[in-house]
Every structure is written in structure tokens, then in C-alpha cells.
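Given below, in the form of C-alpha cells, are the structures.
Here come two complexes built around subunit A, the first alongside subunit B, the second alongside subunit C.
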Partner chain A sequence: MILKSDADIADSQTIWHQRLYLPIAAIAIAASAFHFWPFGNSRIWRVLNLPNLACIGVLVVQILISISKKTNSPISSSLPHVSVFAYLAVNFLSIAFAAGLFRSVSFTIKLSIVLTGGCVLFSLAAANERSIKTIYYLATVAAATSVGACLFRRFAQATSSFGFFESLYKYGSYIGILVPLGGIYLLSSRKTVEIFLGMVLIVCAYLSSGSIGAVAAITSGLLSALIFNRKRTAKLLVVISLALSTAALLAAGPAFFKNVWDDFKLLETDGKNLRQRYIEWQAEINLLESRGITGTGPGCINDYRSNFYYRLPKLNTLEAFDQNGWLTVAAETGILGLITFCWIIIHYGGTAVTMIFNIDPVREPFAHRFAAAAMAALFSACTANLFSSVHYNGVLIVFVLVLSLISAVNKVYIKGYR
Partner chain B sequence: MKLRKILITAAIVMCMIVYCCSVIRISTEPVFSVSIDLARPVSIVWPCETAIVGDNGEKGLRIGPKVGRGWRGEAGGSASYKFFIPKDGKYHIWIYCLWFDECANAIFAQIDDLEKAILGNDPIYNKWHWARGFDVSLKKGTHSLVLSNHSDHVAMQKVIFASSASHGPDGEGLVFSDIFYDGFDGCDKGNFASWKIISGIWYVQSPDSRTCLLENALIGRSEDESLIMYQNDNWSSYSLDLAVKTIPSYSTESAIGICFGLKDPENYHQLRITPAVAGDKAKMMILRKKTKEINNLASFDLAWNQNFWHQVQIRLNQNSIEVKIDDEDLLRIPVNYQIKGGIGLSLLGKTTTYFDDIHIREIKKTKQ
Partner chain C sequence: MRKTVSINDQRNGITNTVLRSVGFTFNLMAVMVSSFATFFTRPVPIERPLILLLGSFLCLFNFKKLWSLVLLQKIILLYLICILFNQLLLLFVRIPLGQTCLTFPASFWALILLLAGFVLIKAAKIDSPITARERDLFIGWAACFGLIVSHMMLLIMMLSKFYGYGYGHNLKVIKSLYLYFSVFIFSWSQLDSVHFRQITAAVFAALYICLIIVKG
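And then the complex of A and B:
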């Protein structure tokens, strides 16, 4: 009888995880590009779409494995940081203050499943350099698919839709996070083809964006790479990408500027009324003033917000859309919720920045690429959250992907789990 | 003798006093309205929300844009109110509202345990206005009103229950007082689900833009006989206005009928138009169908161009039926009974006809 050592068991489990979870992660990432297509009108599909199903499935499998004790790899090794659990705990506590129990409970369950299930899925799938690389390429393909579909719908078919996304802001948040992730990853490559594709992706993403939130998110991601990236060539390529994008946008003229300018100037079509972003921000600040401790309950901001508007656009055109994820978190879960959410960002952001400074780009070129891209995506997510929300169904999964990639790269390269 | 005179005089005076009192009492029958401030619901479920909706900062009830349409089951949302009715009677509902477009111009209203009905569906967009709703009989006491999501992107400030049809909303502002309107311009091809198709093929579609400047229209196709109806047993003394366009048919028996005072498919009055196969003429008849018996109340010929939109008006006064076509008074026939009931559209023979912009307006009683 041959006895296997702990290291052998761990290796075999890593391979097993990779074989099982990498395809599931691939499906989740690829499906996210299609948003709620093709059953967008179905409420069931909006909850049980492929990325969410993947998160639920992974959680169920991992819990069953942990219970069966047939493995010596506990579920805890793949769980997200404690800050995520603190944030979820505040969400669960806030349910007590919600006006509608069903809405707050369903929102919190969905948030918990995607945050924990997504982190577990991507952490287990990204177990080594090869699988991390695969996930980066998949994320890039997802971003390219989304951008391509949007360009096709807007310019070839001359429609006002944003590819598979029904909302300009949701699309902006999605590509605002994924384009810097894929773009910086490709720009940090040594292969000319990859660099070229990275530039094309960034330029096309800008052209398709249509909202100030998307433009700001992509730009902040690129600028963070420009500041923190330790490879000079990569910095130069970021500058070139920005210059090319500016040139392309100027050439596109009204096709690009009309939407972004309309979104930026924040006016109704009559030119007299403020558009909704400022009204939303103001209402959420007002709400925070009166419910700063308890919040409105997770997912329940709509039950309270309208009473805190000082005014509305003249023709009742204010849409129910979170125009600032930070304020929404604070309004829904109180100041404590905002603190724990910031803790998540600070923890993962700090890890990403530390990785960049600790990884030698010459000795560990891939590790540096991974870290730079993930950090850029996290900066972008923070910016996108200023103009929209990363909590939206379909956008949350890519935010979780970024957190998981930071954690996975840190595990593989810094903590030496390789 | 003197006493007798005094008694007679006293009796006459008493009679006069009683008569005067009763006359005064009748003429001063209190007309009132009960107003509900929609900004103050008893309970509310999102996407219905209270917010500042008026141009001058007035609060009201709103459903934001793109949150889902209730009539398609995309979203829920409701607001409940309680109100007190001081006297038994028939009440006429008005709503002060702001609609955005033909897909965003209605709200469901349910009073007590009655079936929910639509308020709005009128064609005034982007302007605050009063819209006439349905009529309801209410007993003295406290009642509940539940407004729920029919269309998104709507705002409302007030609902009033007027005790008299002649007593409209107070104050200035645009008033849409039709007791019924259907321009078939609602989203999802007109959403004319409240009509009841008895026979034939009826659908809503934009007619050929070359021949018509209007938007969607109700199109009826018939092989032998078709009928579509909109029932309401309480309508009386009304004016029915509609646009009609007939398509040339080679059948000599093809005709179109505009039914009024409709109680059921067997009991109604009808303006029947039989366009001539050749030429620009049509034969018109006013018919009364009572179960299986059909009486011809009047018939006449008139100029009628096929493939053109004609404005038809039928006025049901207290004791007459008046017909106007293209603003020309054509006929007035006296009747010694009250015509009461809904409306219908019918086709006979093999024909296709377009109908549009159907208005029903109450004819206010004038002092004789």
C-alpha cells in the first residue's frame, strides 16, 4: 500500500479543483457578458442566471464536501476575507430595519451567494498560474464580447441599446471594471498581438461607453496602472492607448460625445431641470441624515428614498437607479455598512498595491501582469461605484471576480501556495 | 264664512309653502366632491412612491420610468387610501394626473371589493390635467381605494369623487372630460383588452401611412358578420364620436354598424352604413335591435367616400337620436324612451374597416 503525503494530496486536490471549477468559472464569466440575455424579461432568469447558478452550485458542492470530511481541504481556505463577512453581517442585521422583509431578505441572500459563492468559485478555479492566466483571458474575451455587441447595436444597427445590457449605467459599470482588467493585462504582455488587441479593446470600450461613469471608470483604471505599474513599457503603452482613445473619440465626434455630454451635463431635455444623478445623491445624503445608524435595510432604499427628494425633474423622468453605490450602501445599511464595505476595498486594494511593490516584474512577469491588471480593475470598480453601483445583479459577479483574482494572485505568488 | 275663507287661504298658503320648500330643496340639492390627497397613503408598496411631483413642489404619488408595467405583470406596487362618503349615491371619479406617453397613461383603481378598473388612458401627455374616470355607486361610510401599477412613468396628485356629473374638478387646469376614450395608441398594439370580441377578426395596427395621418387604429375584418363591443350599462345621454374608414368591397351586402345603447349582442341601436359598390354614396339606417326583432327607425342616403376617414357623431339626447357625419347635421329622430348602454362596432358581409379615436362624452342636461 502506497501512502500519499500531505503535499501529494494537496496537489491532487488542486488539480481536481481546477478540473471542476475552472470550466464553471469560465461559464460564469462568459455568461456575464450576455447579461440577462436571452430571457431578460423573466424574473426567474434574473435571479437564477448562469453566473448566480454557478455561485450557488459551488457553495452547495463545497459545503457537502466539507460535511462529508472526505477531504482535508476545508472550505475556509477558499473563503473571502473577513471584511466580506463583516459586510454581510451588517446587511443581515439591517434586515431588522427594512420596510419590506421579502425584498431585504432576498437582496441579502443574493448578495451573500454571489459574494461568498463567487469568491469560493474563482479562488478554487484560480489555483495556479495557468488557471489564473485562463481566467484573465476569459475576462478579456467577456469584455470584448460586451463591447463588440454594444458597438454593433449602436453603430451598425443604429439602435439606442447597449449590447446585451438594457441600461447605459449597468453597461458602463460592467465594461468599466472588465476593460481595465483585460486591457492592462494585454498591454503588459510582451507579445505584439496582445498589446495591439489590448489597445483596440480600450479604444473600442471608450467609443461604446456612452456614459460619464464608464469613461471615468476606464480612465481611472488606466491611470492607476500608469502610476503603480513598475514596467516602463506598460506605462508607455497606457499613455499611447489613452492618446489613441482621445484621437478616436475626437474623430467619432457627436456619435460619442452626444451621449457622454448629455450624461455629464446632467440636464433634462428641456435644458432647465437637473438630471437625476444630483437628485439621487442629494436624496441619499438626506436619507443618511435621518437613518444614518439603521439604514433603510438592504435592497430597500426605494421604499424610503422618494420622501427625501427635494425636487424631481418636471416630467417625472427620474428613474429608479442607484447613481452612487457608496451612498446607496450607506443609506441601506447605515454608516457601519459603509465602513465594512470600505474595509473590503481597503483590504483588497492594499493587497493589490502591496503585491505590485513586492513582485519583481522581471523575475515574475506574469505575477506582475496579474497584479497590475487586478489593481487597475479595483480602482475602476471604485470609480464605477461613484456613478452607478457594483451591487447590481450581473455587475456584482465581475466585482467579485476582481476581489478573487487579487486574493488568488496573492495566494499563489506572495503566500507561496504555488 | 269668514273662518272658511281663512282656512282656505291658510291651506293655499300652506300648499305654496310646501311646494316652495320642495322646489327649493330640489334645486339646492347639495353637490359636493370628496377629495383624496394621493401624497398621503395609508400604506404604499414600491414602485408606487410619494414624492414631489408637481410643477410647484406639490407632493403626490408617482411610479418612476422603466420600473415595470403592472398590466404586463412586470412589476407590482400599490398605494392604499381611506375616504369617507357622506351620502349614498352615484359618484363620478376624476384624477389629477401627469402621463408621459401612450404606454404610460393609466393606473388601476380598486374601490372596496369591487373589481379593479382603469383610471386614465386618455391622450394628454406631459401636462398635468384632470381626467374623467369611471362612475361608482357608494354607500355612506368609509371606503378604501387602492391604486396599483398599470403603467410605469406616471404621476398623480388627487382623486376626487364628485356627487354630480355636472360637478367637475375645481380650479383651473386642463380637463379631459370624456367618460370613455380609446385611440388604440396604447403600447403593445393598443392593448384593447377591455373590448369584447364577439365574432370576426379585430386587431390594432398602424394603418397604411399613405392613406391615414392617424396612428394606430382598430381594424375589423369580416367574412359574414363581426361584432366587437364595449359594455357599460350606466351610460346614457351621451355623444359618441369616432373616425371610420371603409375599404372598398365588391360585395353589395357589406355594411358597417356603429352600435350604441348596447346592452348585449342582441339588444342595441345601430347606425348602419352600407357603402355603394360603385360611386361615392352610402345608404344609412338607424336600426333598433331588440332580441330578434329589428326595427328600422330611419333611413337616408348620403355622400360617402371609401378609403377616407369620416368623423361620425351620434348624440343620444333625452328624447332624440342625432347623427352628424363630417360635422354636417344629417338626422334627428325623436324617441320616447331613454337609450342606455355601451357601444359596439359591427361588420356585415365581406369587408374591412378601420375605426379610431372613439370618444364618449356626457351630454350635460340643459334647463328647458
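And then the complex of A and C:
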């Protein structure tokens, strides 16, 4: 009788996971670039789009496998950190205070499925160095597809659309997270072609940005790579990319600046009032005075925020998806919701920074590339969350991707599961 | 000599047990009194007490060595305790003092009980050290404060310039943040106790069952 060792079992499971989950992860990442296109008007497609379906499918499969006990690697090994479950628990409990049951429950279910299912999917897919590499390339291609579609629609077809995204804020959050991820990964390469493509991606992403959130997110990601990346050549290439981007933006002139300036300026179009966005921020802070723990319920900020403007003007000029994600989390799920969300960022951010300092870029070049790119993307996500939200349907999946990549790289290289 | 040391150890053990028990009682009293007050008046309406009841039920179980589930239980119970303080913050207790009247939020009195329990448990020197897993949660509080205060400072500059908007509401928000942070500090170590978690969960379960019955 031939007895398999634990290492043999682990290897066969890794291959099995890679063959099954890597294609599903590829579909989820690729589909995210198209957002809800071509069925953007369908409510069912907005809920059951390909990335969400992938998360649901993986959860169902893994639960069935765990129940049947035909594997030594149950779902628990690929689940996200306990901070994610703490955040989901607070979201669930705050449904008790929501005015609208349907909206709060659907928001929490979507959040739970994508946060847990997405983490499980990407953790199982990123089982070794080769599959992690594949995922990074896929994410880069997805970013390039979005940016390319946006540039084509805005400059070649002269429309005001942002490619496949209906909202400039959602588009800004999406590329704000993925472009630093793909761009830093390519800039850290030794191949000239990849470095060139990385620079092109970053310059084009800046050109396609229509919001201050997108510009700030991409810049913060690049600056974090400049500070934390231990490869000097990569740092130099980041500086060159920033310089090229600045030159390209100045050359682009009014076509670029008008949209970003319109988004950044402090005054409303009437020239007298402060931008509604900032009044909204103050209303969300005011809400914490009486609903500091209860919040409004997940997804239900619109039901209550008008009551907390007090003597500030309600101008009804706030654009859809123009939200401060941090304050919205606090307003919807209370202070404990914001704290648990910060806990997620602190845990994964701490893991990413520790990896950067522990991985030798000479001895483990790929590991360092992975870690540097993921850390840059996390910084970008935090910045993007100031002017939009990482919780939006279509953007949440890339936020989960970043968290999962940090966890996967840590598992493969630091904990030595390779 | 050995006998003297042994007697001293016994005395210390008895002292610690008494301190721990009294601290436990104070903390439990804080929860029970707050629950009682919340049953009769709820400035923030609880639309669906069933959700909170389910959370309470989850905390009745003893998951022993499954540290992640124990941590989740602690956070759920912390949330439920903070809910009580959220309600009490909006209620006021007036104490006549001669010709004047002192007014305190009801949460102040519950916080005193929690503080007493916390001090006694610290005196007993039996609270467990903060684990690495929980350390990030503590940093999360600091991050939360930093985020909200930095937003406030930015907005004060803009809103006062345009609308003469003051910082009165911001101060009240900071006050409530400090209240919840105090609740966290005073109750977190007590929530390590399985018995405290289970009794508190039972109190919450009873409260929310009564609320469901009253709501009809």
C-alpha cells in the first residue's frame, strides 16, 4: 500500500485548486473590466454579474466539499482574516436599525458574498508563484482594457462616457486600485517591454481620469512604491512615470483639466455655496452624534442623512457615487463598523509592509514585485475610498483581489507553503 | 518561612478573588441597569430587535479554543453594550442641588459602574495581556479617531468660511467617541471571561425577547 505524505497531498491539492479556481478567478478579473456592460440596465445582471457569480459559485462548491469531507483542505484555510468577519458581523447587526429592510439586507448579503467568496476564490487560485504571476498579469490586462476603452470613448469618439463605467467615480475607484497594482508590478520587472508597458499604462490612466479621486489614488499608490520599494531601479522608474504623466497631462491641456478641475473645485456652479460633497461629509459626521453606534443601517445612508444637515444648505447637486467611503461606513454601521473596517486595512497593510521589508528583492525578485504592487494597490484603495467607495458593486471585487493577493503572497513566501 | 509565604499567597489569592468577583458584579450591574433603562425608553428606535437577539444567542455558546469565534463574540457583545450606551447618551438624569439642577447623560452613571469594575479587575491583576490579534483592533480605534478628527478639522476650515458653521456638533461627536472608547477599554478585559459573556448574552437575549413581545 502506497501512503501519500502530507506534502504530496498538499501538492496535489495545489494543482487541483489551480486547475479549477484559476480559470474562474481569471473570468472574474477579466469581467470586472467590463463592469456591467453590455447589460448595464438589467437589475438582475447588476446583482448576478460574472464576478459576483464566481464568488457565489466558489462558496457553494467549497461548502459542499467541506460537508462531504473528501479533502484535507477545507474552506477554513482559505477564509479571510477574522477582521473581515468582525466587519460583516457589525454590518449584520446594524440591519436592526435600518429603515429599509430590503436595501440593508441585500447590501449586507452582497458584501458578505464578495468579501468571503472573493477571498476564498483568489486565495485558492493563487496557490503558487506561477498562478500568482498569472493573476497579476490578468489584473494588469483588466486595468489596461478599462483605461483603453475610456480613452477610446472620450477622445476618439468624443463622448462623455468613461468606457464601460457609467460613473466617473466608480471608474476612478476601479482604475485607482488596479493601475498601481499592474503598473508597479510591470515597473519592477527586468524586461524592458514590461517596463515600457507599465509606463504607458500609468500615463494613459492619468489621461483617462476624470476625477480627483482617481488622480489621488494612482498618485498615492505610486508614491507608496517610491517610499517602500527596495529596488532602486523600480523607484527611479516610478519617478520617470510620474514625470512623463505630468508632461502628458500638461500637453493634454483643457481636455483633461476641465473634468478634474470641475471635480476638485470647492464651489458649486452658483459660485456662492461650498461643494455639496463637503456638506455631505459634515452631515455624516453630525449623524454620529446621535447614532454613533447604531448608524443608519448598511446601504441606508440616504434614508437619514438629510436630517443631519441642520442649518447647512441642501443643494441636491451631489452626483451619484460621489461619496466618502470612510465616513459612509461610520454613518451606516456606526463607529464599531468603521473600527472593524480599519482593522481590515491595518491587518492587511501591516502584512504587506512586513513582507516588503522581509523579502530580499535580489534573492526573491518575484516575491518582492508581488508584495510591492499589492501594497501600492492597498494604499491606492485607501485614497480612492476618500472620494468614492470601495464597497460599490463592481469595485469591491478588485479591493478583495488586493487583500487576497497580500494574503496569498504572505502564505506562499513568508509562511513557506511553496 | 515557607508557611508565611504560603499564607501570604493564600491571602493574596482570596483578595484577588474578592476583587475579581466585585468587579464582575459591577460590570454586570452596568449591563443590567442599562438594559432595564433601554427597555423603557429608546431614543434611537430598534426597528428589528430579532437581529440583535440572534447576535445575543451566538454569544451564549462557549467556543473554548476557537479564538476567532471568541473574538467575534467579544466584538458582538461590545457592540450590544455600546448600543445601550448610545441609547443612554440621549437620556438625561437631573439631580436637584439646592437652587440649581445638575444634568448628566444617563450613560455617565453606567460608565461609572463599568469604571469601578475595570479598576477592581486591574487591582486583582488577573486580566490577560492583549494578544497580537487584538492589537490591530486597538490600533483601529486610533485610526478611527484620526480619520474622523482630521475630516472635522478640514471641514471646520471650509464650513466656517462659507457659512459661519461652528464646531459645536463636532465636539458632541468627539464626546460620544470618547464615551464608546471608554466603554471598550473598561469592558474588553472583562469580556475575556466566558461566564461574563454568557450572562451578558442572556441579559441581552431577555431584553430583546421582551422588546419583540412589546413590539408585537
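Just so it is clear, the second predicted complex is superposed on the first by the 405 of 418 C-alpha atoms of A that agree within 3 Å, B and C clash if a C-alpha of one lies under 4 Å from a C-alpha of the other, contacts with A are read in each partner's own complex, and residues count from 1 in each chain.
Methods note: a residue touches a chain if its C-beta (ideal position, glycine included) is under 8 Å from a C-beta of that chain, and two chains touch if they have at least 3 such contacts.
Just so it is clear, the structure is predicted and the values come from calculations on it, not from any experiment.
J.: Counting only touches as set out at the top, which of subunit B and subunit C does A:F85 meet: first, second, both, neither?
T.: second
J.: Touch test for A:N41: subunit B only (first), subunit C only (second), both, or neither?
T.: Touch partner of A:N41: subunit B, not subunit C.
J.: Now for A:K314: first (subunit B), second (subunit C), both, or neither, which partner does it touch?
T.: first
J.: Contact-wise, after the overlay, does A:L20 reach subunit B, subunit C, both or neither (first, second, both, neither)?
T.: Neither partner.
J.: After lining up the shared chain so the two structures overlap, which partner does A:A252 touch, if you call subunit B first and subunit C second: first, second, both or neither?
T.: Neither subunit B nor subunit C is touched by A:A252.
J.: Answer with first, second, both or neither: which of subunit B and subunit C does A:N302 touch in the superposed model?
T.: After superposition on chain A, A:N302 lies in contact with subunit B alone.
J.: See if subunit A has more residues touched by subunit B or by subunit C, and give me that chain.
T.: Here the partner covering more residues of subunit A is C.
J.: A:W343 in the overlay: touching subunit B, subunit C, both, or neither? Say first, second, both or neither.
T.: It touches subunit C, and subunit B stays clear.
J.: Do subunit B and subunit C touch any of the same residues on subunit A, and if so, which?
T.: In subunit A, positions 310-312 sit in both the subunit B and subunit C interfaces.
J.: Which part of subunit A faces subunit B closely enough to touch in the complex?
T.: Going through subunit A, the ones touching subunit B are 41, 100, 302-303, 305-307, 309-312, 314-320.
J.: Residues of subunit C touching subunit A in their complex?
T.: 43-52, 55, 68, 71-72, 75-76, 78-80, 82-83, 85-86, 89-90, 133, 136-137, 139-141, 143-144, 147-148, 151-152, 155, 158-159, 162-163, 165, 169-170, 172-173, 176-177, 180
J.: Under the touch definition given earlier, write down the residues of subunit B that touch subunit A in their complex.
T.: 45-47, 49-53, 55, 57, 62, 64-67, 74, 98, 100, 126, 153-155
J.: Mind pulling up the subunit A residues that touch subunit C in the complex?
T.: 82-83, 85-86, 89-90, 92-93, 95-99, 101, 266, 273-274, 278-279, 281-282, 285-286, 288-294, 297, 310-313, 324, 326-327, 330, 334-336, 338-340, 342-343, 345-347, 350
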